[in-house]
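Per-chain residue numbering starts at 1, and chain names A, B, C and D are given in the order in which the chains are listed.
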Amino acid sequence: MNPVNYLYLAALLFTIGASGVLIRKNAIVLFMCVELMLNACNLAFVAFSRMHGNLDGQIIAFFTMVVAAAEVVVGLAIIVSLFRTRHSASVDDASLMKL
Amino acid sequence: MENLIALLIAAPLLGAAVLLCGGRRLDKAGHWLGTLFAAASFGIGVALFTDMLGRAADDRTLSQKLYTWIPVEGFQADVAFQLDQLSMTFVLLISGVGTLIHVYSIGYMEHDERRRRFFGYLNLFLAAMLLLVLADNYLLLYVGWEGVGLASYLLIGFWQHKSSAATAAKKAFLVNRVGDMGLSIAIMLLFTTFGTFAFGPVFASVGNATEGKLTAIALMLLLAACGKSAQVPLQSWLGDAMEGPTPVSALIHAATMVTAGVYLIVRSAAVFNGAPDAQLVVTVVGAVTLLFGAIVGCAKDDIKKALAGSTMSQIGYMILAAGLGPIGYVFAIMHLVTHGFFKAGLFLGAGSVMHGMNDEVDMRKYGALRKFMPVTFVTFGLGYLAIIGFPGLSGFFSKDMIIEAAFAKGGTQGWILGGVTLLGAGITAFYMTRVMLLTFFGEKRWQPDAAGHEPHPHESPKSMTVPMVILAFGSVFAGAFFEIGERFLKWLEPVTGYEHGNSPVSAMAVTASTMVVLVVGVGIAWSMYGRRPVPVLAPRGSLLTRAARRDLFQDDFNHVVLVRGGEHLTRSLVYVDHSLVDGVVNGTAASVGGLSGRLRKLQNGYARSYAVSMFGGTAILIAATLLMRAV
Amino acid sequence: MSTLTAAHGLSALAAAAPADRIPAPHIEYAQLAPTLIVVGAAVLGVLVEAFVPRRSRYHVQVFLAVAALAAAFAAVVGLAAGGYASDKARIAAMGAIAVDGPALFLQGTILLASVVAVLTFAERRLDPAAHGNRVDSFAAQAASVPGSESEKAAVKAGFTTTEVFPLALFAIAGMLVFPAANDLLTLFVALEVFSLPLYLLCAVARRQRLMSQEAAVKYFLLGAFSSAFLLFGIALLYGYAGSVSYAVIADVVDGTVQTVDPALADTMGNDALLLIGGALILTGLLFKVGAVPFHMWTPDVYQGAPTPVTGFMAAATKVAAFGALLRLLYVVLPGLRWDWRPVMWGVAIVTMLAGAVIAVTQTDVKRLLAYSSIAHAGFILAGVIATSAQGIQSVLFYLAAYSFVTIGAFAVVTLVRDAGGEATHLSKWAGLGRRSPLTAAVFAVFLLAFAGIPLTSGFAGKFAVFKAAAEGGAGALVVVGVISSAIAAFFYIRVIVLMFFSEPKADGPTVAVPSPLTMTTIAVGVAVTLVLGLAPQYFLDLAGQASTFVR
Amino acid sequence: MSFPLLTVTAVVPAVGAVLTAAVPAARRTAAKWLALLFSLATLALAVLVAVRFEPGGARYQLTESHAWIPDFGVRYELGVDGIGVALIALTALLIPFVIAAGWHDADPLETNSSRWRPTQGFFALILLVEAMVVISFEATDVFLFYVFFEAMLIPMYFLIGGFGDRAHSGSDENAAAQRSYAAVKFLLYNLAGGLIMLAAVIGLYVVAGNFSLQEITAARAAGTLDMATNTERLLFLGFFFAFAVKAPLWPLHTWLPNAMGESTAPVAVLITAVVDKVGTFAMLRFCLGLFPDASKWATPVILVLALISIVYGALLAVGQRDIKRLVAYASISHFGFIILGIFAMTSQGQSGATLYMVNHGLSTAALMLVAGFLISRRGSRLIADYGGVQKVAPVLAGTFLIGGLATLSLPGLAPFVSEFLVLVGTYARYPVVGIIATVGIVLAALYTLVLYQRTMTGPVKEEVRAMPDLHLREMLVVAPLIALLIGLGVYPKVLTDIVNPAVEYTMSDVKRTDPKPEVAVEAVPAKNGEAAK
């Protein structure tokens, strides 16, 4: 199958993730959407790596996973502490600071 | 010898400095010092005069350069003086009459606690006036010109606690400033035309300038003259100027300062000779003012205002004469001098009367004063006879000369001017007789003053009467002295030039007709004020009378057009400045604030809307990049 | 780093199969010393948290951090002196890291700024002591729920979050790599390495913890969001050039690449990959820079984060991010100049104006400074756009000048306190000049520097960037910049009016007397502001010598 | 290297500022004397500058030149021409009077706050302003000039906003608000002007490659440095805008009445008599020197604006109810004259303009300071609150009158010389403009005499009946000013001699020569010929 299709898929996933970030309220879901975007990137990397016939893309994909994992650690820590304080994971509730 | 010239000015200037800066400790001796400095100036004047007589007629011009005043490239102004016969005449008149009036003031201002300052101002005036007549270039003349303006401002407003006085002073200064505009523009014109504004070079090279230029310069000079000499249309200030102490009116607003305009024109003879149209305008101004002043003089019940009207009219004569060109210059100056004597005398007389009548000025509240103040009566009477031109007295000669010269102008112009001067002579006779009758004849019409004191008329102290007597002498004999052997003519002719002109009517005829109008004028006056008693309250009077009382509505015009108009203008401008000019700026600031307030709302605190802006921003960024490539 | 070089080793391996042994990657430890020192210190810091008893942790951590930063700075100076900033500039770590003028200059700036910032982290005299324990501006126990029993207990026990120091060190390490990164993967990793600790640091304020946590959440989510964009951009560029190495991509963009295999030829033809990829990477960097329209996190985060952290972020992050931006635009995408310059023009203009205009109506000091930092980002972008050596020089200088003013300003903000901690609402600053003239005067100096009044570093920097922009043919930018400076002047002046010309309020805040730590920070800030304002030449020279990128 | 006289002249007041500011709060009087001492020292140095300056010599003298910021093409270049000398002298001369006049203006109302030291600040700021003004008169490097041109706004701003006039202005808004409004307005107006100039300064660098006034001027004259017409015009406008705000020229003037109205009289003098002069000075030195062609191109418009300033300012002065605002509007009118003289581009016009700067400084100082003494006695700035003062305080009234007469440029006083030179210089090239401008002298008389009449003459108002006359300190402030006004009116040569050469250089910068007289002048026959020369 033409590797370009994987790119289209990656783009699609990325867009879905992005729009998810824009429309979902729950911080966790929001965060999952970001992860989805990262995975879309991974897919793109792998696809390109295949196209170019070098392994850099695939290796970068591994790095991305590591980074994503690190992000999860930090992110969840923050979100959980927020949740424990406010008893809500909705990002829209966290709007003390505005204007 | 010429080094004395500066001293002429220095003496009174020093006096002014000493008196004004001296402070209270000089209050005792102030008036004597002032008089002394004035007298000193007069003395130097006399010395120079005798020296001048000693020399040949063509070698009588002295000049003294003190230092270079304003040097900027082509623009070179010196502080330098020029003393020729014309200046000499004025020097003697100014310092002479000035000294007399200083003496007079010693008595007149006796009870004023600010007498020292009064004398300081008088000295200041003398200095400025002498500078005016001695300057050898127009810019320096300008300094004297404004200097006398300042002195007159200070002296008119000397009794500042009276609002009327302060206002009158301000008015005088402002109206004069309008005239000064003329003088400064004239100087600019001279500078651009000749590259200099010193008398000598300018007069030497008027021939090279176009008549148009000369006319412009001449007209500007005339404007200046109108301001200083209270000629129509700038005459309105002189009447109000009578708010000042009477000696001031006598010295400044009768004898000397107001005649500066005449000096200016005669001094600039060369320029005017090159500009016939301007000369015509001068004569017209003179003629109009002559009648204007005379008519006003007829209607005023305030003795000083009546005299002021007369002054205006007499100066009208001089200006007219000066406008006639070489035919008239000499006689203009001659009348100026004689007028200096008798008008000063008349004012001092009036002052003496007021002195005796609790400063009452309304002639209708005088009457029958001749018995109570004989000296005043006699001196005033002589002055009266002199001004109406009673044969043999000085006014007779000088005015007669002007009338002849007016006719000698020739042509219809000559006839008209001559007629006007004659008519003026008649009216003069009328209003002066009126003043005379109202003041000294008839029965008492005295009224208690505001404080309720009955006036107890009494003769004034020696310090006041002596100057009056001296001036009376002048009024009687000056004319004859000048006229016999045409002394005055020979004296001034080298400076002003002279041509006899060709009068259509003989001198005798002129003299005769003047006599006639004189008699008629006196007769009418007597029939109106001599025969029947005079009402204390002025009757409503004819339309002309009422108009004349209001200075022929000239002030009302000023008030409506200039004062009211100006007030509206400034008020609206203040509004514009605040609302428009400032408003625009504040508006911009406000709009930025408004914009800021609106943009702030975008920062609504919701993380997701921030994400939206990022997402949108990215989209735009990508689109833009692609677009850049596309185009 | 090691992981990264391993990556290249692996790719090399893939080239040369079958493998009997793994070629050891070649690492120039000396040239990477600054970063390595900081990373090592950070790791040590973690161990300290684990093993050193609580009462002495604070001192150990502070000492460790300051010592490490100082040592790293010394290393930077050594490298620069060794000529690595000019003739010996090179690519290190198998193409991952560039050691050249801009990198060293920016690393030096970041390290110095970090030193003074860490000093404010360590400040413990401002808040009243709780239960006899001196407290700093960080939560006793970030994990405990605000206002809960556990928090009270933690406070009583005198806990303090000394983890902030290793966190800061990790962030600094990331920042050091960021402007030196010479391939896109390193760029991405460095970005995350310095972002993640910052997210945490935002969350651990002692006072107003709700706002602090909110700030952290916003920063984290938006940050992750933007890094996703960045990563996708990297993917696309990788797809375009078949490599993530700056040099290779640059060659491909210029078309000067030597070996073109068919796949590469195929993707090379596809400019959309290049343009969209470049735009996405720009997005990621502009987010960190705080340029409009990627700025919206800035005010909230600056306001919510603990003020020392805000100062640190505002200064160091900007330096690192602009460094990376410069390298990207000058090394990777110079061939694309005619595509990105107009776009950056737009961004710069919008950023300058929006930052200045919105700041006019702010009522909170920290938010005000946030918006002013946005406006300043705009000014610096004007210098970036110059695309000339002067441009680089001016940006480097501006960053150095700006970071110290910023840290100083935020340090002053920590001093003005009332019952509820820092009194950041402007209304409370009324009449401060009467109460404590010195503090107000110092803050006024910083404000004037922000406003770019002559004789302050702000003016020198502004002049430098505008001059570079004008010479670069961006005269219009200068005019816009001048206009927005005029608008910006308005609100800086407003604060001064407030401090000096309005009567002090009865219940106004008091000015705490800080320990030598904060005093040093402020003093350094003032000193740098004035020195760079009066005699900037020496530093201009430094920046000038450091203004060539290695490729 | 010779003794850096110019630097020292600028540094001394700066040092004085620092020391004054450092005086402890309690030792208020010491601070005052210290400030006065340093201002006098500066005056001495300024006199030394004037003495060391040879009118016939090089264009810029006592020059100093050191590298400052090579990367910006900026040098620390100082040098004075006649114009600079005159204005430095004026500045150094006025500051001691400003300090002496403001002796008690900054005494703290409440003594409770010990750390707050307004007095020290007040006098330190004044000295700081002096230092900056002096150096901007000396700078021959555009950038150097710009730096201090901008920087001096800050101390001025604190002087206006921090030490307001305590007299009530009639309007019921609270004084503090009005004051800070005035201060902010002052700062934003000038800052905006300055920033626009900054753009032009950068532009100039891009075009010329350095900032040295002498080099650029020389290159312009030699034609080796040619700017595109539009570039030059834009740069000119950038510079001129800043100077026109500072000067101020209609319609950029509205900050001045607020600033002068709200600040104390001495500060008002500092603004209008000293700081604003930098604007007109810079027009003469920088606009004409750097952009001769553009200057000529813009002349018609500028002349019209100047005319408007003259008439408009005078009319608004007539309409004011507040003494200090009246003086402010009068100053606007006078600045109109100065700008008129500068752009008439004749020797008389420009020499006149320079003299005008000095004389206006002296006359406004005299008038404003006396007005300040008056206001401080009655505690009101409203003209309507006064009347008959001359009766109770004759000396005050007298000095006030002399100040007023100087303002209406009465012949014999210094301003007359400059005003007439400006008029004649303008008329020589633009007759109509010259004639319209003369209207200004009538209006000047109007607002001055109206002010004098309303405040000093007429029946004595109850509130002023107990008003004391000028006391010694005040007399010591006013007397020298009056003496100078008279002295420079009688013998202005001392100024013209040093100013004229500088003006000639400026004229050659713009390649203009005075119009020749229309007709030849004949030799004078009589012996009264000295006057002809």
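Note that in this section contacts are C-beta pairs under 8 Å (C-beta built on N, C-alpha and C of every residue); 3 or more make two chains touch, one makes a residue touch a chain.
As the structure is a prediction and not an experimental result, all values here were calculated from the model.
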item: C-D or A-C - the one linked by more C-beta pairs in contact; value: A-C
item: Of all other chains, the one whose Cα centre sits farthest from subunit C; value: B
item: Geometric centre distance via CA averages, subunit C-subunit A, whole Å; value: 24
item: Whole-Å gap between the CA centroids of subunit C and subunit D; value: 46
item: Intercentroid distance (Cα basis), subunit D paired with subunit B, Å; value: 36
item: Between subunit D and subunit A, distance of the C-alpha-averaged centres to the nearest whole Å; value: 66
item: Sequence positions of subunit D contacting 2 or more other chains; value: 188
item: Shared interface positions of subunit A, touching two or more other chains; value: 18, 21, 30, 91, 94-98
item: Subunit B, residues touching no fewer than two other chains; value: 589, 600, 603, 605, 607, 611
item: Interchain contacts, given as pairs of chains that touch; value: A-B, A-C, B-C, B-D, C-D
item: Of all residues in subunit D, those that touch subunit C in their complex; value: 67-72, 113, 115-117, 146-148, 150-151, 153-154, 157-158, 161-162, 176, 179-180, 183-184, 187-188, 191-192, 195-196, 198-199, 202-203, 205-206
item: Footprint of subunit A on subunit C - complex, ascending; value: 3, 7, 10-11, 14-15, 142-143, 145-146, 185, 188-189, 192, 196, 199-200, 203, 209-211, 213-218, 220-221, 224-225, 228-229, 231-232, 234-236, 238-239, 242-244, 261, 263-264, 266-267, 299-300, 303-304, 367
item: Residues of subunit A defined as touching subunit B within the complex; value: 18, 21-23, 25, 30, 91-92, 94-99
item: Subunit B-facing residues of subunit C, complex; value: 217-218, 221-222, 225-226, 229, 271-272, 275-276, 278-280, 282-283, 287, 292-294, 296-297, 299-300, 338-340, 342-343, 346-347, 354, 357-362, 487, 490
item: In the complex, subunit C residues that touch subunit D; value: 393, 433-438, 448, 453-455, 459-460, 463-464, 466-467, 470-471, 475, 478-479, 482-483, 485-486, 489-490, 493-494, 497, 500-503, 535-537, 540-541, 544
